[in-house]
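Chain nomenclature is as follows: A, B, C and D, assigned in order of appearance, with residue numbering initiated at 1 for each chain independently.
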Amino acid sequence: MKRIGVLTSGGDAPGMNAAIRAVVRKAIYEGLEVVGIFHGYQGLIDGNMEVLNLGSVGDIIQRGGTKLYSARCPEFRTEEGQQKAIEQLKANGIEGLVIIGGDGSYRGSMTLTKNGFPCVGIPGTIDNDIPGTDYTLGFDTALNTVIDCIDKIRDTATSHDRTFIVEVMGRDAGDLALWAGLAGGAETIIIPEVKMNMEEVVERLKSGTSRGKKHSIIIVAEGVMSGSEFAAKLMEHANIETRVSVLGHIQRGGSPTGRDRVLASMFGARAVEVLIAGSGGRAVGIQNHQVIDYDMNEAFEKSEVFDQNMYQLSKELSI
Amino acid sequence: MKRIGVLTSGGDAPGMNAAIRAVVRKAIYEGLEVVGIFHGYQGLIDGNMEVLNLGSVGDIIQRGGTKLYSARCPEFRTEEGQQKAIEQLKANGIEGLVIIGGDGSYRGSMTLTKNGFPCVGIPGTIDNDIPGTDYTLGFDTALNTVIDCIDKIRDTATSHDRTFIVEVMGRDAGDLALWAGLAGGAETIIIPEVKMNMEEVVERLKSGTSRGKKHSIIIVAEGVMSGSEFAAKLMEHANIETRVSVLGHIQRGGSPTGRDRVLASMFGARAVEVLIAGSGGRAVGIQNHQVIDYDMNEAFEKSEVFDQNMYQLSKELSI
Amino acid sequence: MKRIGVLTSGGDAPGMNAAIRAVVRKAIYEGLEVVGIFHGYQGLIDGNMEVLNLGSVGDIIQRGGTKLYSARCPEFRTEEGQQKAIEQLKANGIEGLVIIGGDGSYRGSMTLTKNGFPCVGIPGTIDNDIPGTDYTLGFDTALNTVIDCIDKIRDTATSHDRTFIVEVMGRDAGDLALWAGLAGGAETIIIPEVKMNMEEVVERLKSGTSRGKKHSIIIVAEGVMSGSEFAAKLMEHANIETRVSVLGHIQRGGSPTGRDRVLASMFGARAVEVLIAGSGGRAVGIQNHQVIDYDMNEAFEKSEVFDQNMYQLSKELSI
Amino acid sequence: MKRIGVLTSGGDAPGMNAAIRAVVRKAIYEGLEVVGIFHGYQGLIDGNMEVLNLGSVGDIIQRGGTKLYSARCPEFRTEEGQQKAIEQLKANGIEGLVIIGGDGSYRGSMTLTKNGFPCVGIPGTIDNDIPGTDYTLGFDTALNTVIDCIDKIRDTATSHDRTFIVEVMGRDAGDLALWAGLAGGAETIIIPEVKMNMEEVVERLKSGTSRGKKHSIIIVAEGVMSGSEFAAKLMEHANIETRVSVLGHIQRGGSPTGRDRVLASMFGARAVEVLIAGSGGRAVGIQNHQVIDYDMNEAFEKSEVFDQNMYQLSKELSI
């Protein structure tokens, strides 16, 4: 292997730039050449790429977003699109690819691997919803962004004796809501993995009030329902007035935390090692405090384990 | 004057705690006793108060929210409520009051001043909408909270070539939107003081696109319309797809900036000086880089001057 | 077990308050009473303590430092001091203790356990140097504080083409220096676990310069030598001029990160569970992504494993 | 005027990039061409420069440091150096210059103005020590960096009942120390403008202790003496043990605050307007809440007014 490519795909996540940097530097350290492909698979199809050197990735370890840009690419889901991509890989002498993104981005890469261009995936998404890795890149940063917001909202909630509903990202996975709720001292956490029981929610709020608690924070993962819907339900069920805060896209941005930068560095280096070893169709991750690589199919098949203990803990500590 | 009271009223703002601290310490320095009244005018009516000493205000200069709590108080708008408040002031030997809040809070205090309990107002609101002072307490902190969010959103906007609409606080005053837009490098700023021209907005977006600009940030003050409404209008008028981020209550919280802490310290000390001088019905403020006090009526009558130059500058720099 | 105590000892670390909160809430959830002991072992000897309830630990999850204060206590190392402590435990009906601190604090607790007052340790130190746990409380926050500083210093280093030496905490353990160096993109990292080779350091700097690199960040753990000493050596060996920044005590403060708050919550709850189970002389920790408890002696005997791979990675990525 | 240059000189300050952006965009808005000169006056002598367009200053408003780099330039103080600079200006068709830096940088520009190349200065320094402007660019950001550090140190000071000495930047001007001390709630502030009275310092510390105060923060501007010297003196005079924290170069870096970005935008635009008006030898500034420009000589002659009221206030509030 002489020349590899790297691209970011799907929603951006803090740490993607640090991962790009690690891929480039590790590859150069190992004597490879690296091509940066812009705008995800679309850029691959269009041949929108350039060689990256040490200087190309200087001063980006701390930047949010992705220097290589990202995009959805419906064309790449067609056979024709994939064929164009393969031709570009050939034409540009790219022998392997590092794909930084979520599971949708992983899927796209499987075709390339099958066609003789080994791909390795780096899990880049704030949702922490990729099976096979304990953490995804960007999750730790998003967690800290969310608790920073909760801390601010608590100032107002406390000052005005109000109940706030904070809507956080998470379509199918409640990790961000659960961690942020536990770390933010939220009284109630609503996540997709646990069937919501409105009676219990109301009961907790009322029991808190009867103990003298005058303000409360409720975290709702967007996958369950929107903050406004939840507020309407609370009003309807129990005549409880609340304010709603929808954190939105700020959760995706910002300078990556120390942990995300370290993770990005380890993931990037491992991805290059896997390509050098001649393997494709693999994903890197961290399990039990160890960087690993594993069959990418596991990222699709295995369902993410929900941390029931942590959920229970959040209830016990918010009495 | 031997004993004064202090209360916070209306929406909370960063720096209120620092102002409480300054009032208490300056008063004690001058040999006065200070009573903290909880939950705004409601606490005054209910006699919900306690003496504050140096230790009571230790370690609060950096805290968001208000240690004295805040609340709306419809009862205080009735003659009966005001009578109760006056009786509490008498019963507790409170001879003067410092009111920290917005113009609504100022109005409430006028009755007390007229009844022989001189009140001095400290402008505490993130909206920067109180005539007579160049800055209100909390504005600088809210500004920095908003630009921190804009910086994060720009990471995502850039990575995905998207246009974002960011809705910020400001019912009648566009200062927060204007300052944050200028400081955040926003391409377009929509504020209540300037009649919106949708054709011009679309024109700017399109001209940016034609020059190669692929992402854009539009700031909308909530007083004009909601971010979603604006997004719908853009779609309807020009078929431009956007994402919306509503910053909401996080703008009210957080540790106050250096400037807000300094302002709070100066305002609190001056308010006590004014009370000692025997004056009531006055508000403190900062004008032309000088701490001042002025007739509270000016805070109601004079209309806030809009900074046309700054608005023009924001347009010139975002070409 | 009906009544337990909790104290913080040794250098403070971010997350100690979150751990106190978790101990108190979990204990109350389990039907126990909790006594907070002030100023570490000294407070235990002096009987300086009070019962903590749910409200006592409200609004502290996000605070740096320790609400229970900390102190060194030479008296507790004497038999007489220990006897006094035991009498206080008896007099106050305290049947078990949670000790939050470093290994020195753990040692002190062994005597109490042996005397029938089971103690459980929670690793609270920014140094990440306690054997048996992958992470200590406060390490993640300190890491982020350090990289925030490095990011700021890099602004100046880049603008002026300078080499900076950044001295970080770490007497015997280089974890903070290593993680921060990797996450901060430092060119060279000097830690106690690896014998420093000044020739190699100079070689790296010169090779960077010859490739066009004009600024450089060197991280030095205080346990190796001070930043100034290192600067003097660089000047002496190779006539290289540098600036020194000693981060100092800011590394110990600040609001804990999401991860440290989650860790604190898990550690606190587990410590209470261990006490309820009747065990003493144990420490809680996290290993392989799982909260564990283990024989406290392992925290003294086993030597902390140094992550050679991570050190190697930091070199490869900073070429 | 068709073509102007811009350079940054002296110590870097947050907001310099935002000022460069404003100069470039305003100039282009007005139909001028802008040349960015690298590494200050040295780059001018060496002809190290390039044309800047709208894209060149994209995404830099929020960055610390200076994209144009800065450097000291002894050669420019010689007549020969100045002659070379003038020849470069001629050769590159640059008719006027914007100089962003401190008063040393201003001085250098006077020769160019006298030789027919009008120069306008933008005050860029965290020291807030340039006569004629109420604030310099970078001061507000540095203030917030320092109070963030003080907040962290206070966590540790409080937890351990310790007195901390915090050394901040400021050779001749105590503004940063004074503002940060007031905003950080420091008990004692030592600045160059006020003759230090060690007896009074000790008296304040002891009187605090006697009132039950167990921790204390002392801010020392580096221009008076180093933190370590001050600690030694305190030990010698009164046997008071302290810890020292030297904040160092982190005070110069970081993303500029909202206020510094707004100031930078206004300063940059005004500087271009002054050049277009054909004036040289002028400096821009802010006075009484208004952007102004004034004879650059005033920046050398007039001595900066020290805010005695603010110093007095800091004493009254830290009783």
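Simple rule for what comes next: a contact is a pair of C-beta atoms (placed from the backbone, for glycine too) under 8 Å apart; a residue touches a chain by one contact, two chains touch by 3 or more.
Not measured: the values here are computed from a predicted model.
Undergrad: Which chains contact both chain A and chain C?
TA: Shared contacts of chain A and chain C: no chain.
Undergrad: Taking CA centroids for every chain, report which one is farthest away from chain A.
TA: Computed centres place D farthest from chain A.
Undergrad: I'd like to verify one number: the distance from the centre of chain A to the centre of chain B, where each centre is the average of its C-alpha atoms, in whole angstrom.
TA: Between these chains, centre-to-centre, one finds 35 Å.
Undergrad: On a C-alpha centroid basis, what's the spacing between chain A and chain D, in Å?
TA: Chain A and chain D have C-alpha centres separated by 39 Å.
Undergrad: What's the distance between the Cα centroids of chain B and chain D, rounded to whole Å?
TA: Centres of chain B and chain D (C-alpha means) sit 28 Å apart.
Undergrad: Multi-chain contacts only, two chains or more: what residues does chain D have there?
TA: Each of 151, 154, 158 in chain D touches at least two other chains.
Undergrad: Strictly by the criterion at the top, what is the full list of touching chain pairs?
TA: Chain pairs that touch: A-B, A-C, B-D, C-D.
Undergrad: Across the complex, what residues on chain C touch chain D?
TA: 8, 11-12, 14, 16, 39, 63-66, 69-71, 145, 149, 151-156, 158-161, 164, 243-250, 252-254
Undergrad: Which bits of chain A are touching chain C when the two form their complex?
TA: The contact residues of chain A facing chain C are 21-22, 25-26, 28-29, 54-55, 59, 61-62, 134, 140, 143-144, 146-147, 151, 154, 158, 179-180, 182-185, 211-212, 255, 257-259, 261-262, 265-266, 269, 287-289, 310, 313, 316-319.
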